[in-house]
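Take this structure first; my questions come after.
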Amino acid sequence: MASEIIELSGHIIDSWTLPRAWDIIMDRGGDFLIQEIQVGKHKSEPSYVRMEIKADDEQTLDLILSELQQLGAMLVNGHDVRTARVEQRGVLPEGFYSTTNLPTQVRLGGQWVDVEHIEMDVAIVIDREHRRAYCKPMHEVEVGDEVVVGHEGIRVQSFERAREREIFAFMQSDVSSEKAKILMIQHIARQMQETRARGGKILFVLGPAVIHTGAGRYVAELIRRGYVQVIFGGNAIVTHDVEAALFGTSLGVDLRTGEQVEGGHRNHLRAINAIRAVGSLEKAVEVGLLREGLIYEAIKHQVPLVLAGSIRDDGPMPGVITDMQEAQRQMRRALPGVEMAIMVASMLHAIATGNLLPATVRTVVVDINPAVVTKLADRGSFQAAGLVTDAELFLRELVEALRHEGAFPDAAGLQAEAGHTQR
Amino acid sequence: MASEIIELSGHIIDSWTLPRAWDIIMDRGGDFLIQEIQVGKHKSEPSYVRMEIKADDEQTLDLILSELQQLGAMLVNGHDVRTARVEQRGVLPEGFYSTTNLPTQVRLGGQWVDVEHIEMDVAIVIDREHRRAYCKPMHEVEVGDEVVVGHEGIRVQSFERAREREIFAFMQSDVSSEKAKILMIQHIARQMQETRARGGKILFVLGPAVIHTGAGRYVAELIRRGYVQVIFGGNAIVTHDVEAALFGTSLGVDLRTGEQVEGGHRNHLRAINAIRAVGSLEKAVEVGLLREGLIYEAIKHQVPLVLAGSIRDDGPMPGVITDMQEAQRQMRRALPGVEMAIMVASMLHAIATGNLLPATVRTVVVDINPAVVTKLADRGSFQAAGLVTDAELFLRELVEALRHEGAFPDAAGLQAEAGHTQR
Amino acid sequence: MASEIIELSGHIIDSWTLPRAWDIIMDRGGDFLIQEIQVGKHKSEPSYVRMEIKADDEQTLDLILSELQQLGAMLVNGHDVRTARVEQRGVLPEGFYSTTNLPTQVRLGGQWVDVEHIEMDVAIVIDREHRRAYCKPMHEVEVGDEVVVGHEGIRVQSFERAREREIFAFMQSDVSSEKAKILMIQHIARQMQETRARGGKILFVLGPAVIHTGAGRYVAELIRRGYVQVIFGGNAIVTHDVEAALFGTSLGVDLRTGEQVEGGHRNHLRAINAIRAVGSLEKAVEVGLLREGLIYEAIKHQVPLVLAGSIRDDGPMPGVITDMQEAQRQMRRALPGVEMAIMVASMLHAIATGNLLPATVRTVVVDINPAVVTKLADRGSFQAAGLVTDAELFLRELVEALRHEGAFPDAAGLQAEAGHTQR
Amino acid sequence: MASEIIELSGHIIDSWTLPRAWDIIMDRGGDFLIQEIQVGKHKSEPSYVRMEIKADDEQTLDLILSELQQLGAMLVNGHDVRTARVEQRGVLPEGFYSTTNLPTQVRLGGQWVDVEHIEMDVAIVIDREHRRAYCKPMHEVEVGDEVVVGHEGIRVQSFERAREREIFAFMQSDVSSEKAKILMIQHIARQMQETRARGGKILFVLGPAVIHTGAGRYVAELIRRGYVQVIFGGNAIVTHDVEAALFGTSLGVDLRTGEQVEGGHRNHLRAINAIRAVGSLEKAVEVGLLREGLIYEAIKHQVPLVLAGSIRDDGPMPGVITDMQEAQRQMRRALPGVEMAIMVASMLHAIATGNLLPATVRTVVVDINPAVVTKLADRGSFQAAGLVTDAELFLRELVEALRHEGAFPDAAGLQAEAGHTQR
């Protein structure tokens, strides 16, 4: 019989932490004995519980503890974090600890140290000399790296659910197209303003439908207005945006009339070929070849673009990273400072981004397919919200909501410049 | 060996009528011999073909002819339409002709007579005395009714595809969320204006998500502006609209804040109960109980509402027709004069309406689920167009597009009155 | 300041009853003071809590209490249930109590009396003379009926989550097509056997795709084997089943070859007309017109069929109920004894059935569209499970799983008789 | 005014080639004058048309001709193919011809030469010395390559629709879950047998849901039976298959019980780490670490696996190609000899494969999401068929259908070995 004593404290009842803990213990076949419980008599009071966890064997207890840890449980007999050395390049030691995307600390020499740039499903490497702990993906570990193993001396900061009622909570409650999206869009607009006001960065992850539907102009507007600090995308969105800028089409469909003007495939290949001929997207802007569109605005306003390729790509467009590990590396490099992520009509790039984001980043997932939204928004965080809605109309209304909030003090009507000019 | 000679004329190449005819003949195991063919040398010239159709037996020939008929084929040796008497109430005679939703004529005494109020899958009854032909559903035929049988003396006016390129054609091309919807919405707005300008009626078929998403206000606006002449819906939309008007909620969700204010189920039952207590929706408006919302505006502006029930209904709300045959009858009665139908976030009522509409009515189907749009828009007509998009944002943009087109000459900004008042 | 003292007991921690209670209180703006709490030290021990609930006003307190009631909360100062008389036919008294689908009791003369045939969203009528309480839908209440109002003297038996791990729980956890369905189908087969072994009835709710996909034969097999006691459906399924039996087609598609044999619409109208001519489905079996198919087997094996119409119906087929309130009445009448409900490829009829079923009936919802499964399976009960899968292959595998479990002791291979005969 | 004379011949009416040609001409604003037309009097006779195509300018004419070419149109005044030299590495010359996936020939020295390994959206390079023409993607062209430009001297072999009615045609007709899938699966099984009988290769493109649903065993069975010659997949499917083989779970869900056994993320990382430790998948089989599953069988039976990575990957597993251009290259290398492609529950890899496959490869796309099937099956070929159905049940029934067809002469019942062993 294996056992361990843990503590949970804070708004553990309000945030369903305690019942989830009980659930885990029983689901995994363990048992618990409450040694002390203090339930906050009022909602403003924190609660506290100390429990002995028991299981038939050490392995089961380990599983239970590793899951409780993600809820913020701490072992009472707190030892330092345990580590092991990497002995083979790109291979983790037995029993390696794999991270969650929640803020995490490790105990080094009796003191808690933050794990830097936390992300999901990676290892924690300890740098004892500088008292640092940071994340490393499996394929980047080097021989000699000191990697965290087991579950002692690790503290995960579970989310406490915000008690004030807020629309993010409402958006999370379930994924359905039958909800009032205007309300949510207005809320997102307000969050964007607050994020920018405190200097936080906003990341957009964009799929090619943004261009096909003619919604690139709204993102361009957001870039001009300072609401986009980083863009993640792929070969398709940049290709179609350049195609739109050079030929007025997206996959051969005229974006002003909606008509198929031509075979279509030729235009996107011609667009790629034209940029390849000048050498880069930046050069194409410089020489005046590329004069409008989302990519043009991003380059003009020095918004970093990380363009990650995939096996379905034609071309590719210069600037698209064809090695996936390099692409992940550049995405990681662009993330510090990002406080809000808006993912629109993207699946591959959105999932990839979701894997890298800490849970503290407010994430909005917009797609017309409820299965995509469910998959993306359901990453175990209170910070991700999903909208099952139309990408084009979402972006249009988002621009409108920001304008209405006074975010564009000098702006004339959007309609005039964007939506209604095609006669 | 059975054979028959038919003619096809008009833009039969342009509209793919001729190849479709060949296709049918061969798919059904028949054969054809071209007796005369004149292909319009230019696109403005009509074409003409006379063919002998052959099949192994009369039954196969009959099948082929009945399908060719729907493409506009005419038998050369044109006899009068054949009929048989109904001998049993609600039962059609053997070999009855079942209609398409295309404009149809029958030959009576050597002359072509229009079939009145054509709709799909019903019988044609002949009134020789008044030289009339009209539709009757199976369950309404009476003993002695003279019903069309076979396929002689029947002429169906096939659609000729409009050559000028138009957005309706584009919208029909395929059902996808990855198309520029603003373009389509602006086109629909223009169609609505043209329809109203020539005195045509516009029918809205609405599902309850219109209310849940807070989009009822946009329909209310369209009613006030004279863009809604008939509404078809069910118990749910009226219940949730009244719930919204009386309690500010839809299924218990506060439409101003997006929060669940209460158990929810109680509010919709309370709404129904309140209207039942005063007796009718009209009375509720009269006594001042119902003072806003889509239903209120419809009653104030004398827009006919046909509310057809279903087995999933609670209540029902007074005014909801619980007998399905009576509901169909009232829907039929409301259709004359309708030239455009806009179906939003509805499946049951939209399919039912689609069954009753002649193919000449321009139909727009809007739903976020592509399967619903495909099912509804694909009714064999060049007049139905589908948008895979968000019902709420569609209606919002439709109002905006109409305003922008100058359809609301006196109107202040919609934002002020509608979308942004909830602070 | 309004307050009331309530008790919760049982596996209230395990079943998340207590945290949900706290959640409700705080979401609704109330407060609570724990007077006594006993947490079961082990998972086998029940827990108990007594709390004082406070709110700013009586109305808020009422809301909180009515929601807590659904979790099984009991007021400590237990009065008898309160009632009011119906004064207007079909209209409930102010403050009426609307039911959940959970087992419910009311206190009459200090004693708890079960509410008979509980279903959702209806009123409870008290018959003091016979000490009975039963459900009545709003439109059926008569002047003088004594209807329950408020929330005193009502006890709702909340579900306690079964602690033994079971596949139903697993199926409920989330709706996804990416789960091992064979496991679930085998589990359902075992549940069906157990249900039949103890004399429980199994209800099938079927949509027309069951016939279109050729899966009618599997349901026919289940009827022959005694695994179907009640069938709910609509005009479409019966029409297409009869079409298949008479003409070998479904919507004109040959079920043996998959080819469109003809215009299609004619066959389904001919099928309806043929049954109308003999008078009824039963008569059609009797005279030898209908000799195979799902409906034939149901009639032969005296399985009650409740066929509820809708406004999209052609015909309708004799036996289809066109009045919705009558249809609901007949559905209610067929439910006693039903312990398991299997809903396949149906939306309208499945929702309607879901509204009438008590939460104690094990419900399985099968549809290829995840949105339908989510909508149907998510009715607040631990007893509903959803499978996002193919209706045809589900039914085929269900028959196979029952056979494999030895449920068809004398059966030769299914393949021979069903799936592989079409050469 | 620009003009050109073209010829079309063969079953151009039957296959709708002629009307599509007229359509293109008129849609693009051109005009035509029929110089000679011979319509086959019977369906077995080929037809012939010679037309003059006119347009306002050369550019429009070019567009029309390039589209007509894809229908098999030939310029009467046939010149040799025109070419231009590549002057910049990875950049195509102005006016480059981009391929379709249809069989294509170019005229060299007056004679028609087949373009080798045709695929879509690439350039054609001419090797005059060896009288060869072959495809090259844009990024692989080298300075000096002689690339085809314009549209002269190119002949595309359009598909003629098979007149015998066949289930592939039926499967293509529309994408719907409401069709009889058993019929289609049996047809696919027969196609697979025929393909193998004539020595053709069968390619499987597989998504991770194949493993999550426990359907890996059916693919393993197909490998053992010789029905899989090439596999394309990604990091996820191989990781989850290895996880299943090593730990019995897929994403942490026990495949025998359907229960979540543990945090889950750890198991897939442990699986990757274990294979990284031994060095490769092949080595893992050799040393006895990997002893069952789809990957094990593929390695044992020497079925080539091309595993293409993506940015969402963890790990990655050894053998997964992280550079996208290298991955495409290896996919291309594995394609020769492939005559049938079966794509199950994959989107990214299926699209990528679709881009590389010639239109002559019979392609079956299986997914439960109709949008995915539509996107993939609709690649302008008569050879792609889509099934909206469950991946797991599809594969299970496919194995069953092959067994029933006698494809596994010695095989005992599948149920015993696969589906029903988990007690």
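Brief remarks on what is shown
Going in written order, the chains are labelled A, B, C and D, and every chain counts its residues from 1.
We adopt the following convention: a contact is a pair of C-beta atoms (placed from the backbone, for glycine too) under 8 Å apart; a residue touches a chain by one contact, two chains touch by 3 or more.
Just so you know, these numbers come straight off a predicted model, no measurement behind them.
Repeated interface, listed pairs B-D, B-C or C-D, reference A-B: C-D, with more than half of the contact pairs matching by residue number. A centroid comparison over C-alpha atoms places D as the chain most distant from subunit C. Subunit A and subunit D have centres, each the mean of its CA atoms, that are 33 Å apart. Averaged C-alpha coordinates put the centre of subunit C at 44 Å from the centre of subunit D.
Measuring from the averaged C-alpha position of subunit A to that of subunit C gives a distance of 39 Å. For subunit C, residues that reach two or more other chains under the stated contact definition are 27, 165, 260, 369, 371. Those residues of subunit A that touch subunit B in the complex are listed here as 165, 167, 170-171, 173, 177-184, 186, 208-209, 212-214, 253, 255-260, 368-369, 388-394, 396-397, 400-401, 404, 415, 419-420, 422.
On the subunit A side of its complex with subunit D, the touching residues are 27-28, 63, 66-67, 70, 88, 90-92, 96, 98, 120-121, 137-139, 260, 262-263, 265-266, 269, 272-273, 276-277, 308-316, 322-325, 327-328, 331, 347-349, 351-352, 355, 369, 371. Taken in their complex, subunit B has these residues touching subunit D: 13-14, 16, 18-19, 22-23, 26-27, 31-34, 37, 39, 41-43, 163, 165, 174, 370-371, 378.
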